[in-house]
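Listed below are the structures to be examined.
Two complexes follow with subunit A in common, the first pairing it with subunit B and the second with subunit C.
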Partner chain A sequence: MYVAVKGGEKAIENAHNWLSEIRRGDVNVPNLEIDQIKEQLTLSVERVMSEGSLYDTDLAALAIKQSRGDLIEAIFLIRAYRTTLPRFGTSPPIKTEDMVCMRRISATYKDIPGKQKLGPTFDYTHRLLDFSLLAEGNIPKAEKRKVLKEKIPHVLRFLNKEGLIQKEKNNNYQPKDITRNPLEFPANRSERLQSLSRADEGFLLALAYSTQRGYARNHAFVGELRIGYVKVKYNIPELDIEIDIAEIIVTECESVNQFQGSKKTPAQFTRGYGLTFGQLERKAVSMALVDRALRWKEIGEEFVGAPAQDEEFVLSHCDNIQATGFLEHLKLPHYVDFQSELELVRRIRKEYEKNK
Partner chain B sequence: MRKTNNVIKIKDFKVDKGLPFDQEYNFAYLDENTKKMIRRAIIKALCIPGYQVPFASREMPMPYGWGTGGVQVTASCLTKRDTLKIIDQGADDTTNAVSIRNFFKKTSNIKTTEITEKATLIQTRHRIPETPLKKKQIFVYQVPIPEPLAFLEPKVSETIKMHSLSEYGAMHVKLYEDISKNGHIETAYAYPVKTNDRYIMDPSPIPKFDNPKMNNSPAIQLFGAGREQRIYAIPPYTKVKSLDFEDYPFDPFKAEHACDICGSKNTYLDEIIVDDAGNKSFICSDTDFCNKRKNK
Partner chain C sequence: MERKFWLSTLATCNEAHLTSLWEKFGIEVNFTWLRKPEIGSIMCQGKIGVTGNNFNFGEVTITRCQLKTSQGKIGHGYVQGRNKHKAEIVAICDALLQTNKRDFLIKNIIRPLVVSDKNLKKDVMSKSESTAVDFFTLVRGET
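== the complex of A and B ==
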């Protein structure tokens, strides 16, 4: 007689051991060190920190190593670790106007106070495989330049002065932490931006792309993209002094979009906003475009039914940890449900045959 | 450069104190503030049977969709005196049941059992045991999609309104259309119920064979949906009715066989293909019930 499959426990243990072995690969090849990942796979590390919502390069590098380079798995490890950390308090908003920029460009003005700074970018590189990296060839020395500490004003400030761009009002709203409060709809912009900032890069990219192709078309200019170091401050309540607790790299993008105006408002520009940990340009620009598309109601635009305009659709599906978990749960046993469907289909077919 | 190497700290702690790794975490993994938040949601859910209470679901060390909601509810209800049983597809030894049981063993050092009567808290995926639940037992369901109306209206902002106005016409129309097309309601699992004559509720993807067990049960039934951030509940001795029509009454069918191991004729069966010719065997999905019967 058939005996149902048993021994799940042993099988799981064996599978995990195999995983560890295959993660390490050929033992004759030197073990990958965390510092190597941290220093040489910086953009992976930064994506994991951004979507994991935890700024810690060591832990992100460890997660990448542990996950065999599967970044969504690494993000998951970071998220699961993050939830166990105690909350001491909230830091005041970072000041991106005080950023020490390593890259700062504007696509709307040729010349601007603070200048265009290209910084370390893939833009304008020819995408040719560099075979000298196989042999670890010579690295060309970048021209040494003092890091400019002067403040670089935001580009959109100049449009603001002229009243040509929609003014952002400070509504003194105390943002709700979306990791400590359930997301409910309609969400406000603060919760929306929090969600988008930790959203899956690929998902945001596709949505932003869809707006470019005419699904809620709204031609965007990159008003400004800046990448650099900002200080995170914290106010110690017992002492009532503000101290710097960290310096982090962030990418900020402000998009400028045309708006034709309505009966209430004259034609003016509007903006979308993107902010991420690390140097994640693709994601910051995508985020700005999606943010802008989601603002249709507030701006008085028409809802054309495009996915990027639909807040509930975007926010409910942008988190790759939720998405991957639910997708991958399909691999779990569903014997019981499948059996009930089998039984139903058989019954319906039997009746169909009878009535034929 | 900032130094926050938490990993090293954990290792040091382990060496210094000689503690097993898992005591680094609070009892049953979640911190007490999180448990308090979840318990509040559970109490609210028990006060409004079948109503979906939003809660700030945490990221757990297992994936969303693999029982994170159930695990959070269990973690919040668990005390050191509890005896825990975990089942998936009715069985104690399916991979995810094993994994969740080990998680609680590690993080709470709790007593576990496979025997339904001995458990004070049972977490389940897709089944209700054949052995009737008792007073003082807590029964926790893992829920993938808590919204029974989701397949008619995907927007939660809309379904919330439909529930508050008891606007359930669309659901009845759907069931009616099923019957007019095929002579059957085409739902074999996650068959919608009405709880306490008020809220239409998703019973989680249990086969509809199990639906009647929810009605008037002496146990506390809690439902946790982690990804969707919802908790709902059925308090003990509450009316739970599967949706149907007078002329098409609810029919909790199962495979028309007896169990090939224990011979039971009125339990839910798994269908197993035993050879290349496609020959089938039927066995109880509730492994604990089947073992007990077989050994009698």
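== the complex of A and C ==
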């Protein structure tokens, strides 16, 4: 049991004042503007939006500044703010097939309609520190090339046509919102994906990595990874008109995994799906791998006891705000509970001495 | 031009651009609030594997308001983000777009916003196109 404490107001206030001062740093260095964070630390902003589960670049940038760059603290601020917002409604699903792609690659097919487009990627860089960024170096201009009007179809459609990959089930399931209804086990895949989409990137990365190393076998290929702008639609209730109410950047990953077959069905590839706010490739790919691992039952695989297969373990521990809330409360005063434990240990020892 | 189109354009346009276009024309409009600007969110859904069931993906901040002009037209301001000022301009535009100012507004506000968005997307697509790649697979060992 946790017993509350009183007092300490002055010390807390002073601590927070120092925090504010230290956040500002050396006053001879220009103050960091929200716009600078928004424009130059975009991937931090996008991570905070993704794990905060709220798409708003201004708020995410503000949270990063307020938290001194501690992204989990920033995500905490966004989550707390999110709970104060009235919900105006729900959008129909975004159409990633209509995405204006910055990046679109497939690791399974070389020649694809709509081409492989690398986009603004860290891939193929040499991971050497660029000391020219220390100085105000010249910024190379992005090249442009004439665009032919072309659709960029999803790559897995081609596998679908031949029946070589499992079709996604669509029975018009109405997903429950895990921010409104507590998650129940076993969870539906829709609720699992909502949970994974707002999950901690590091946790998903570690789990996905574990599947690659053999803890739940599902050898994965990135069938497709696409990043770009999509419209969010919303039906204005007063007018019954559906408009594009927002435009967001998302990353989508479709994985193609080890095939399986049985006496009844011929061998087929299986799928995993990842979707995140922003350009978060590592997270989207991780999410697809973890989604796939969690589908073992539905696909008819064996449960080998791997962490990535254990739905309750994954979904109960993937949320870094839940985790950090419980963990960090350990730093708060526990004097009374510790005192009672102390007394208990003393008593047991006394009895032990007596009976010796 | 359909209302759906102008409301979509206004909801997702750049605020600074809209404000500058709006202020340039300095149209004075008297109105009363039906619903003052308020900030909230919508839950954005995704589709599993592009064709599967829906799932709740995450929320997006939205600002909305409704007003009635002295001419009796009702304007709806629905915009992305937390932006009460923008929502107000959008609601006024929506109301005026239902009057004889419509052609004027389409020409001087909606069209420029559409063009600037198109250019932005063209810019993204043409930069993306410049990164289109042809990989060659190399044959190793026996063929």
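Keep this in mind: the second predicted complex is superposed on the first by the 341 of 356 C-alpha atoms of A that agree within 3 Å, B and C clash if a C-alpha of one lies under 4 Å from a C-alpha of the other, contacts with A are read in each partner's own complex, and residues count from 1 in each chain.
Note that a contact is a pair of C-beta atoms (placed from the backbone, for glycine too) under 8 Å apart; a residue touches a chain by one contact, two chains touch by 3 or more.
As the structure is a computational prediction, the values presented were derived from the model and not from experiment.
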| item | value |
| --- | --- |
| First, second, both or neither for A:134, with subunit B first and subunit C second | neither |
| First (subunit B), second (subunit C), both or neither touched by A:22 | neither |
| Subunit B versus subunit C, judged by how many residues of subunit A each one touches | C |
| Subunit B versus subunit C as contact partner of A:339, first or second or both or neither | first |
| First (subunit B), second (subunit C), both or neither touched by A:351 | first |
| Touched partner set for A:79, first subunit B, second subunit C, both or neither | first |
| First (subunit B), second (subunit C), both or neither touched by A:167 | second |
| Subunit B versus subunit C as contact partner of A:182, first or second or both or neither | first |
| First (subunit B), second (subunit C), both or neither touched by A:102 | second |
| Contacts of A:247 with subunit B and subunit C, given as first, second, both or neither | both |
| Residues of subunit A that lie at the interface with subunit B and also at the interface with subunit C | 56, 58-59, 82, 86, 179, 246-247 |
| Subunit A to subunit C touching residues, read off their complex | 49-50, 53-56, 58-59, 82, 85-94, 96-97, 100-104, 110, 115-119, 142-147, 154, 156, 167-179, 189-191, 193-194, 197-198, 228-229, 231-232, 234, 236, 238-239, 241-248, 254, 271, 273, 275, 277 |
| Sites on subunit C touched by subunit A in the complex | 3-4, 7-8, 11-12, 38-62, 64, 66, 76, 78-82, 121-135, 137 |
| Subunit B partner contacts - residues on subunit A that touch it in the complex | 1-2, 4, 6-9, 11-12, 56, 58-59, 62, 76, 79-84, 86, 179-186, 246-247, 312, 316, 321-322, 324-329, 332-337, 339-344, 347-348, 351 |
| Residue ranges of subunit B in contact with subunit A within the complex | 2, 4-7, 25, 31, 54-61, 63-66, 68, 88-91, 93-99, 102, 125-127, 144, 155-157, 182-184, 186, 188-190, 205-209, 227, 229, 253-255, 260-261, 268-272, 274, 281, 283, 285, 287 |
